[in-house]
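Heads up, the thing below is written out as structure tokens.
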Amino acid sequence: MITEIDKNYIREIINTGKRADGREFYQFRDIEIKKGVVKNAEGSAMVKLGNTEVIVGVKMEIGEPFPDTPDEGVLMVNAELTPMASPEFESGPPDENAIELARVVDRGVRESKAIDLKKLCITPGEKVWIVYVDIHVINDDGNLMDASSIATAAALQDTKIPKLEGDEIKRGEYVGNLELRTIPIACTVVKINDNLLVDPDYEEESVTEGKITIVTISDESLCAMQKSGIGGFAPEEIYKAIDISIEQGNKIRKKYFGE
Amino acid sequence: MRMSEEKRFDGRKFDEMRELEAKANLVERANGSGYFRFGDTRAIAAVYGPVETHPRHLADPRRAFIKFRYNMAPFSTKDRNRPGPSRRSVEISKVIKEALSAVIEREEFPRASIEIYAEILDANASTRCAALNAASIALAHAGIPMRDLVASCSVGKVNGQIVLDVAGEEDTEGEVDLPIGYVPSENKIHLLQMDGIITKEEFKKALELAIKGCKVVYQKQVEALKEIFKTYENEEVGE
Amino acid sequence: MITEIDKNYIREIINTGKRADGREFYQFRDIEIKKGVVKNAEGSAMVKLGNTEVIVGVKMEIGEPFPDTPDEGVLMVNAELTPMASPEFESGPPDENAIELARVVDRGVRESKAIDLKKLCITPGEKVWIVYVDIHVINDDGNLMDASSIATAAALQDTKIPKLEGDEIKRGEYVGNLELRTIPIACTVVKINDNLLVDPDYEEESVTEGKITIVTISDESLCAMQKSGIGGFAPEEIYKAIDISIEQGNKIRKKYFGE
Amino acid sequence: MRMSEEKRFDGRKFDEMRELEAKANLVERANGSGYFRFGDTRAIAAVYGPVETHPRHLADPRRAFIKFRYNMAPFSTKDRNRPGPSRRSVEISKVIKEALSAVIEREEFPRASIEIYAEILDANASTRCAALNAASIALAHAGIPMRDLVASCSVGKVNGQIVLDVAGEEDTEGEVDLPIGYVPSENKIHLLQMDGIITKEEFKKALELAIKGCKVVYQKQVEALKEIFKTYENEEVGE
Amino acid sequence: MITEIDKNYIREIINTGKRADGREFYQFRDIEIKKGVVKNAEGSAMVKLGNTEVIVGVKMEIGEPFPDTPDEGVLMVNAELTPMASPEFESGPPDENAIELARVVDRGVRESKAIDLKKLCITPGEKVWIVYVDIHVINDDGNLMDASSIATAAALQDTKIPKLEGDEIKRGEYVGNLELRTIPIACTVVKINDNLLVDPDYEEESVTEGKITIVTISDESLCAMQKSGIGGFAPEEIYKAIDISIEQGNKIRKKYFGE
Amino acid sequence: MRMSEEKRFDGRKFDEMRELEAKANLVERANGSGYFRFGDTRAIAAVYGPVETHPRHLADPRRAFIKFRYNMAPFSTKDRNRPGPSRRSVEISKVIKEALSAVIEREEFPRASIEIYAEILDANASTRCAALNAASIALAHAGIPMRDLVASCSVGKVNGQIVLDVAGEEDTEGEVDLPIGYVPSENKIHLLQMDGIITKEEFKKALELAIKGCKVVYQKQVEALKEIFKTYENEEVGE
């Protein structure tokens, strides 16, 4: 889709210390977050990063716990790169990109212990809440990872626990909110011509020399990381990327999550 | 509120539709896109094409190959909808694809493909109608030559009464569901499915009501397209 | 398979008010129905419409009811367009044509309430009869929809309910017949050069400008409809198609189902 | 009726087959078709080809590619047989394909495919034999050049006794099942599978009995083909 | 992979009564058997036949019995022709060759009654041991069938039954060995230019005119047979192949299985 | 033995790895192969290529297409691992593929494919590291031009302590798992994943320890390759 000429142009601008859309290296595109966008979901959020748009819906279902954690609810994160969102996405079961996206978002929520899964136990060993987080990509203009992570945090914050009558879920009636103990936010740092940048758009993604996604939480510690793409990072570059991610995470949590 | 002799569960009149909303240009990466809403039922559609046909043996030397996928987002239904195609979604994709194929000037793009994807974001009945409406807008927005738009809505029989645009309890308790896809300029039905017991006379009444509804939908579609093309013109003028 | 020349020939004949095989527009091909053709099935029928041949077998199995209808048996209709039946059919899971075929036949049986599913409950909420209707296409010479619908009605009429000992089905011993409360019969009307015709053969199907399948029941009401193929119908054409379908349904029910 | 020293569960002698039936020309759309019945076990087979090979990388520049699918109709078994390939059906398809490949003059159709499909309509043991028999008839009926037909039947060991053409209780209670595919003109075994404990001496006795059975099957196959080709001749004369 | 010239060469050598690697017609390549090669398996063995290498691991799991044998454990044999082992193998679900391999090995174990499945019942009708035998092919230099059969016998002989505490398997603690009542050994005889040979290597396999695998047990009876490949056998050739298989089976059982 | 202030569950020091073993040339049919062991964790890898790319539309006109599959043998885990890809194995395959792609001189083989397969034979933590190490050896053994080998190991945080090469109870009870893939000649990290809560300072300490471990791994890889190439030289000399 993107020619070598375009790619060279993107690299050249970055060499001058700027980006094609005028942003600073450590500046996100405009972020728009709308919660409660899906009537049938127990929680939902739409997030736009520039033209990138992702909808996350949370469904609460009843199911069995895992045998090794009989007193805990279950978190399931799934991502669909719908063929609508990009000419490069195809119908069919999730490919390696969709699986990686879902698993990195999953680890951000799981490892940060943002959800107290023990509170989602109904009958130990038998019946627990399953929290399905479904990431649905509407338009891919780059940095799906961060858009999905932010939308997941917002959708979980929006999530209400439905009323139960026996085994039946009374959809539309709720007993309370799903409590979030911390807000995990992913920040993806990419390298282009040895410069580090945040929130790459689709064109910038085509020229990255490696990406690293770092999920930070409210107390500034890290809870998940993932290097992806082709290209390596020197240790100092990773330390720098961590600093950037902590700063961006704090900004986003403050501005959009009331922290 | 119960359904009475004059009003429905949600207070609408028998021939009254839910609030409608139509938009174009929502998916920047696509060649065209559209959105349609019946009350709480929301669909978004995007069009890619004409593009090369893959795999190649599907290419038709006389006309464009039309690909259509109807898909419900997992969170769009009361109980989570398992991702991936179901028998229901495959059937719906087929009938919508056929309705759209009939209005697209397919002969203009021999060997090529036109790919159309519709996603249901929220489902409260008439999702196939919303998908077809959004897809029609998306095709027009993408500049794909078409003889006309397809407008779609459904009628039902609830407690023996023929009603327009079933929703909520009407959907689960109704006796008949009849979605149609209609092309106003040709007065032709291009999508029609029916479930449930109905007499010939009732059917006639239902179809007439559905056509009335489709004409309202059609107005909404046209307005959304006018809106977006007006924006484009202004942008050009502004340049 | 069918050349443009052949197609033009078929259309031209129809313009003269005739069909290539000499039939009237509203005339089915010869119908042959044989019940009880499969020893291992609880009910079965072979139907030929001219050279089109379909075998339907009904298997009765024990299973769980759906949660929302705990006191009802389950109807499952499946169609296989075996690669034997046409050079156009391929091995593999059912494609959109097989799925549509099965679902329209299913709706004809289900919506007509031909089977009293409540009578198929064994233990409410736990154990019910599952009625598997399997449509197996042997040769496709057009109009699989009507052939399958007729064969399904005949196979269901032929079905006996097996004896149960605890959870075990005593195959070959029966406690009675599966009662049919009405006989749903599909009639597919196609349009060729603006003429309406019934029971298209394979060659006619290649030139149709839309099909509409209408399932009627014994009291002349409709229980299912499906427009398929590319091409639309004016409202009056649909009303006409309904009249034709009621008439053909009555004929078939009278001649082959003893009504 | 129990199996005694002289008779079997169903009253047959140890070397007696069930009623056999063979036919050709049952599937009008196919290039050739055949049918074979052992008692209640019924198989139908159809042949398409030679046709172009898809996907192309499977094409063999020296000989025809042979495709064979053995499939049980869902209603053909006591408990419903779930549609789709099983490990059992994949293995059976492989050994039948290999037996047929050995007799087809594959070098006559380089790069092409011959597709053979067999459906089991009713199953009471020896379904793979019935499928192979029906497929042989179908190939000959399609005019595919072959060195000979393959004839197939099975023998078993039941209560220590070697018996021909196992069926019913013999199938579930038998100690050994031994289906073979045999080409009479070459005195060669082209399909052989065996389950269960058998001595070398018993095996020899069993194989001899199976070959005897195959020769009977072969006669039936040849008669069915003669019958159909006679019909064709008469039709030509009549024209 | 193997050219027609190579194939002719292989055939010509065999016509002189020899084999390319100097073996006799009825001589196996060097056999190497190592048991206990997988720490996490309850039983395992690596077998090399020349350069052909197969690892078989046995895992013991808890599961439900089949309804028709409520008091018996379950044997499951699975083979993976890993894409590592040959340029001809592909990733994905088992193809017809992998399925045939697994099923012939399965029949050898099952029909020989080598394992007393009744001893693997824990609670009749509810809970039994499932014996998973997984054949993992590391390098295919021909005759995977015999290599897999030998490795399976060795791995089963190596298998220990884990300790159970309630439903939980205490991995690493054992209550005893899985007893083998007989040692089923497959011997595959191939025909090349009307000569019968055992243990074909990969190059020889490319010129075989049919293969026959015969599984013999300790008392010299046969428990499973499978003709495969394209090419038939005269009855006398089969009788000869049986004699060869009995002899080879005895040799292998004596040398490697202490019989 | 419990983890104390000085020692770990298995008696190792905090910065001590398990026994390492590296080998080349284990899969005769492949163009190259390698083996790597961390204690009880064993991986074997094989390389085929450069070969033609299938299906063709995956071919890249500028560089080789790299295919990598990480797979656990079903018997390699405590509970049997169901065959076939899992979401976990797909993700691991992706990140290892990317790490290897960065060091392979892909531009040398435009349009071609290099296929790399790694099998875990026994699993006790760090399986992805073992697979990456074995694959690096296999690529070098196959003579595929590379800028350097990738060496991989993991560090963890267990009871608040940063430890090298987690294993056994440390894997199930640890708070953090951090596998890295490192290219010594360039001092670059090419694989990095992290699970669990860690401060920036702890992370720095962990990464330094991991790099130390990778350097040890790298020595083992180089020795294995020297060994095998020495054998080849001797064979040539001997001829």
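Order as written gives the chain letters A, B, C, D, E and F; numbering starts at 1 within each chain.
Assume a residue touches a chain if its C-beta (ideal position, glycine included) is under 8 Å from a C-beta of that chain, and two chains touch if they have at least 3 such contacts.
Please read these numbers as outputs of a predicted model, since none were measured by experiment.
Colleague: Within the chain touch network, how many edges lie on the shortest path between chain A and chain C?
Modeller: 2
Colleague: To reach chain D from chain B by way of touching chains, what is the minimum number of steps?
Modeller: 2
Colleague: Enumerate, in label order, the chains that touch chain D and chain E alike.
Modeller: Chains touching both chain D and chain E: none.
Colleague: By CA centroid distance, what chain is farthest from chain B?
Modeller: Centre of mass proxy via C-alpha means gives E as farthest from chain B.
Colleague: By residue number, over half of the contact pairs should agree; on that basis which option among C-D, B-C or A-B is the same interface as D-E?
Modeller: Answer for the repeat of D-E: B-C.
Colleague: Where the centres are mean C-alpha positions, what is the separation of chain A from chain F, in Å?
Modeller: Taking the mean C-alpha position of each chain, the two centres sit 28 Å apart.
Colleague: Quick one: report the Å distance separating chain E from chain F, using the average Cα coordinate of each chain.
Modeller: Centre-to-centre distance between chain E and chain F: 31 Å.
Colleague: In angstrom, rounded to a whole number, how far apart do the mean CA points of chain C and chain E lie?
Modeller: The computed centroid separation for chain C versus chain E comes out at 48 Å.
Colleague: Show the residues in chain A shared as contacts by 2 or more other chains, in ascending order.
Modeller: Residues 94.
Colleague: Residues of chain B that contact two or more other chains, please.
Modeller: none
Colleague: Counting only chain pairs that touch, give me the topology of the graph as line, ring, star, complete or other.
Modeller: ring
Colleague: Name the ring's chains in order, please, starting from chain B and stepping to chain C first.
Modeller: Order around the closed ring, chain B first, chain C second: B, C, D, E, F, A.
Colleague: Residues of chain C touching chain D in their complex?
Modeller: Against chain D, the touching part of chain C is residues 37-41, 44, 51, 53, 55, 57-59, 61, 78, 80, 82-87, 91, 93-94, 132, 134, 136, 138-141, 169, 171, 202.
Colleague: Residue numbers of chain F touching chain A in their complex, please.
Modeller: It is residues 87-88, 90-91, 93-95, 98-99, 101-102, 178, 183, 186-200, 203-204, 207-208, 211 of chain F that touch chain A.
Colleague: Please name which positions on chain F make contact with chain E in the complex.
Modeller: 26-30, 33, 40, 44-46, 48, 51, 69, 71, 73-80, 83-84, 115, 117-119, 121-124
Colleague: Enumerate the contact residues on chain E facing chain D in the complex.
Modeller: 94, 96-97, 99-100, 102-103, 107, 111-113, 210, 212, 217, 220-235, 238-239, 242-243, 246
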